[in-house]
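Down below are the structures I want you to see.
Each of the next two complexes has subunit A plus one more chain, namely subunit B in the first and subunit C in the second.
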Partner chain A sequence: MHWVFEPGFFSSGPVQVACAVGSIVAVVSGVVGVFTVMRGQSFAGHSLADVATAGGSGAFLAGINPLFGFVAGGVAGAGAMEMMGVRRARGRDLATGIVLGASIGLAALFLYLGTTRSSTTGASQQILFGSIFSVAGSTVPIVAVLSVLCLAIMALVHRPLLLSSVSIDMAAARGVRVRVVGLLYMLALALAVGLSSLAIGAILSTALLIGPAAIALRLTKRIGWAMLTASLTGAGAILLGVLLAYDSYDWSSTHAYWPVSFFIVVIIFLGYLVTELPFVRTAAARRGDDTATVTERGR
Partner chain B sequence: MFAGFMINAWTVATIVAVIAGVVGFFVVLRGSAFPAHAIPNGAFAGAAGASLVGVSTLAGLGVFAVLAALGIGALGRRGRHDVVTALALVVMLALGALFLSQTTEYEPQIFSLLFGEVLGVASNEILPVAALGVVCIAAVVILYRPLVLSSVVPDIGEAQGVSSQRMEMAFLVVVALATAMTVPVVGALLIFSLMIGPPAAARSFTNRPPVAILLSVAIALVTVWAAIAVSFVTDWPIGFFVGVLGALSYGVGRAWAAWRRTRTVRPGTARPETARPEPAGAVAQG
Partner chain C sequence: MASTHPGAASGDLLGVEGVSVSLSGRQILDNVSFGVRAGEFTGLIGANGAGKTTLLRVILGLQRPNAGRVLVLGAPRSHRNRSMGYVPQKILLDPDMPLRARDLVALGIDGNRFGIPKPSRQRRDAVDEMLHAVDAESFADARVGTLSGGEQQRVLIAHALIGRPQLLLLDEPLANLDLKSGQEVVTLLDRIADEHHIGVLLSAHEMNPLLPVMDRIVYLAGGRAASGPTDEVVRDEVLSALYGYEVHVHTLHGRILVVAGPMEESGLPPDPSLKVV
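The block that comes next holds the complex of A and B.
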């Protein structure tokens, strides 16, 4: 059994922190991600991650914990997108893309200035691609608090959000404050993006937000089950990724760790491809979960 | 800044701007913002892999970008298009990160591939890049009518025998080739800005495709030249200037369009100069 769990895996400090942070982040991403996918906001979610990149890079330049930068960037990006609020889908995509581009440009500048100023190596790769193993133990409580905050927001708005995702007019007619709900959701999304940026890097965080949620929504149409499935899938991917990355040290004679984020992203992607397999698709369709479709619950 | 070794940079930058301006026009027209953002990441992975294995970077860029385009096109047909694009995007980034992690030059390579490098193209690569550019332009010229048709009025296009799906795949491949050439200079993460900022701005100024394309190329040229010049002087990454200038041109375009709307006399009137002169501050009708 020891060739699966390489020696020292369970007792390694960074591994324990990684598993703790990873599991928490997976739950947050899964819950928020289900709504993101349902609302067709994958591109917006990805763009938020790019603004978070700029935030994290700025934090690095300023010498503070990147997590605060990621979250601040995400919140700023969410605010900007709400303000821009272009109606037509294409116009919105363009505006989102422009914000994305400018943010990445900013990130490039911050990273460049930061690395030349402090001459630390590996900063770019940590901000961009993450390294869950280098999360400090002291960051864990902050992660927990932010995650609880995010989940609290979601608990508050998930019903009206569901309603307004299905039909804005119906929601407004029912007295839902659509704008407020939208803003709160964007805040939760920004928090989720910021947290997953810490785990697997800003530009990869979309995988954790979208992937498990997309997998879950292919398997079930009931929101509650979808959120649970997404959380478990995400957590599974992270834990398995941590394990594989730890083991990868011994895979080649050069003794170089493979990036853990790579494993996590690929595992999620493979999981999604599995749901594309014919027999999985027909099994999910046949399961009669369709009795509680999204549209029906909105009624 | 015009020393011998910089001539390469200026030449390649010009080619890059022309390609981005032309192909980007159709990206904006078709609303293919997200795939246009995802495909360059395939190029990134390809360049990283090429660097690891030791083959020509351009080959790696091209092959992986085209594979990414085909993958996104194929998978996108069945699953939710935006989900697939998002996942493909990050998988390729992660793949590139893996390849680079196995080389010794991790940090600087990440940086130049993602954020651009003024001297990103070696002199022996200029000819292949120019050739690829010609291929891209030729493809756009040949496919011009069916492409415009399927972009603007896909149903009429279908009725005329233009398969939307085939156009989509063909277009994605053109985008792949365009990004393969442009990524070394502008960076995988920033080429997107060059492909949507200038064309979006151009479309704010004019509706006629040929004029818009030319304007888009002009704006892209100014953007890239300015970016190279300032990057050369300040040593700051070229990607920063491309991103900011792209946003700037988009903003100017939006502002112009908004200003034009307040000058319109009747809904549907395109050009203010053909309208009856109104006192300043006329209320918008449209």
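The block that comes next holds the complex of A and C.
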């Protein structure tokens, strides 16, 4: 087994922290991501990630834990997007695009100032593309608390959110406070993006949010199962990515650790490709019994 | 003959009294009044843009009228009115959305509540019973997004009915259906209105598919409404007054045609099967 798990893999402190943080973050991203994909808000998720980038690089410049910057940026971005209005999709699209451009510009400035002051050139890499091996052990409890908060919000709004994802009018007619539910969901999304930024970097955080959820929606037809599948898929991708990155030290020509984020994103991408394969789709449909039924009825 | 603005009678399930709505300076509804009774099927008929959806939104409390009021069981409607079920015009659901037909029906029980529901036998039985009532058992476990338009309508009707409303509002449920599915939905609604003794208010731009089941009609044109039994409203003089110009009502093989202009120029032969007008 030594050629799979390099000596020292399990006893390495950074590896243990990476596996713990990665698994927690995967569960949060899976639960929130299913709704993000279902509501067609991938772009909103990505925009929050860009605002989180600005927050994270600001935190780096100020010398505080980037996680706080990621989360603060995401929450501020979510609030701003919510204020731009729920109904006017086109106007919001435009405003969101402009805000995210400005955020990345701000991040460029913060990272430039931060690296010239402290001459740590790894900061840009860490904020933008993540470095889960450098997460401090003391961050794990904070990650756990924010994750519990995010999951609690999702448990709270689960039903009204599902109903308003089907139809806003139907939910409103049923007495759902659509805006309150939407705002709480955006808060959960901001938390998920912030946590995911810590694991695989702000720029890549959307991959962890969207990818496993998209895979899960292909394979399951009940929302609970979709959340579970997305969480497990994401956790699997992160743990495998951590392992491959750890091993990369030995086989890479320069004897350097390749970025974990690279492996995680590639694994998620390959997983998505697999669910696109015709025979996988057919098998999933047969197990799910829905597409097959529809085909029989001649649609 | 029905007057153009009859007030809602007392004892009506739903009373719409003198409702006017202006949206961005344009008058959408102008002093609209009518009533809906229990166990009756009321058709809300008007061309596209006549204000049908706006009127339904006012009744649901999603749109505030500039004037007038809506009474539910004789009292002003409250924000969280449980006595109305609503089927929206169209829902666009991705086939990948992990929501089975039975899940959407279950959301009709407590979809507005916070927290995680406790699964119970009673809950499952209620969903099964409602799926049976709308003939949706054969696709109960399929994703809603993969269903045909007619099947989705059935599921949405079950979703609206499972909360035991006294009034069912449907916005253009026949718009995207083929003729056969449309007829099935109409027959189903008629049966439900009868069995559950609820009032059904259904909007449509075409009245003919509803003629066999429609007890009363609310005819919308230019933001104004005429209401009453179908044969009292769909008449030359009532509709001409409503439109503000001369229109004629023709009946052809039991189908009603409303055409503008003097009778002689319409070129339609008199129809011996003339039933209503």
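General observations
As a working rule, the second predicted complex is superposed on the first by the 281 of 299 C-alpha atoms of A that agree within 3 Å, B and C clash if a C-alpha of one lies under 4 Å from a C-alpha of the other, contacts with A are read in each partner's own complex, and residues count from 1 in each chain.
One rule holds in what follows: a residue touches a chain if its C-beta (ideal position, glycine included) is under 8 Å from a C-beta of that chain, and two chains touch if they have at least 3 such contacts.
Values in this document were obtained by computation on a predicted structure and should not be read as measured data.
With subunit A as the common reference, the superposed partners subunit B and subunit C fit together side by side.
By the touch criterion defined above, A:166 reaches subunit C but does not reach subunit B.
Within the superposed three-chain model, A:265 lies in touch with subunit B and out of touch with subunit C [touch as defined at top].
Looking at the shared chain after the overlay, A:43 reaches subunit B, while subunit C stays out of its contact range. In the superposition on chain A, A:137 makes contact with neither subunit B nor subunit C.
Rounded to the nearest 10, the superposed model shows the Cα centres of subunit B and subunit C diverging by 80 degrees about the centre of subunit A. Contact comparison for subunit A: of subunit B and subunit C, B touches the greater number of residues. Superposing the two structures on chain A brings subunit B to within 5 Å of subunit C, judged by their nearest Cα atoms.
In the superposition on chain A, the residues of subunit A contacting both subunit B and subunit C are 37, 40. On the subunit A side of its complex with subunit B, the touching residues are 37, 40, 42-43, 45-46, 50, 89-90, 93-106, 108-109, 111-113, 115, 121-122, 124-125, 128-129, 203-204, 206-207, 210-211, 214, 254, 256-259, 261-262, 265-266, 268-269, 272, 276. Contact residues on subunit A toward subunit C in their complex (touch as defined above): 34, 37-38, 40, 155-160, 162-163, 165-167, 169-176, 216-218, 220-223, 225-226, 288-291, 293-294, 297, 299. Of all residues in subunit B, only 28, 31, 33-34, 37, 75, 78-80, 82-83, 85-91, 93-95, 97-98, 101-102, 106-107, 110-111, 114-116, 187, 189-190, 192-193, 196-197, 200, 236-237, 239-244, 246-247, 250-251 touch subunit A in the complex they form. Across the interface of their complex, subunit A is touched by residues 57, 60-62, 79-82, 84, 86, 88, 91, 93-100, 103-104, 107, 110-117, 139, 141-144, 146-148, 156, 159 of subunit C.
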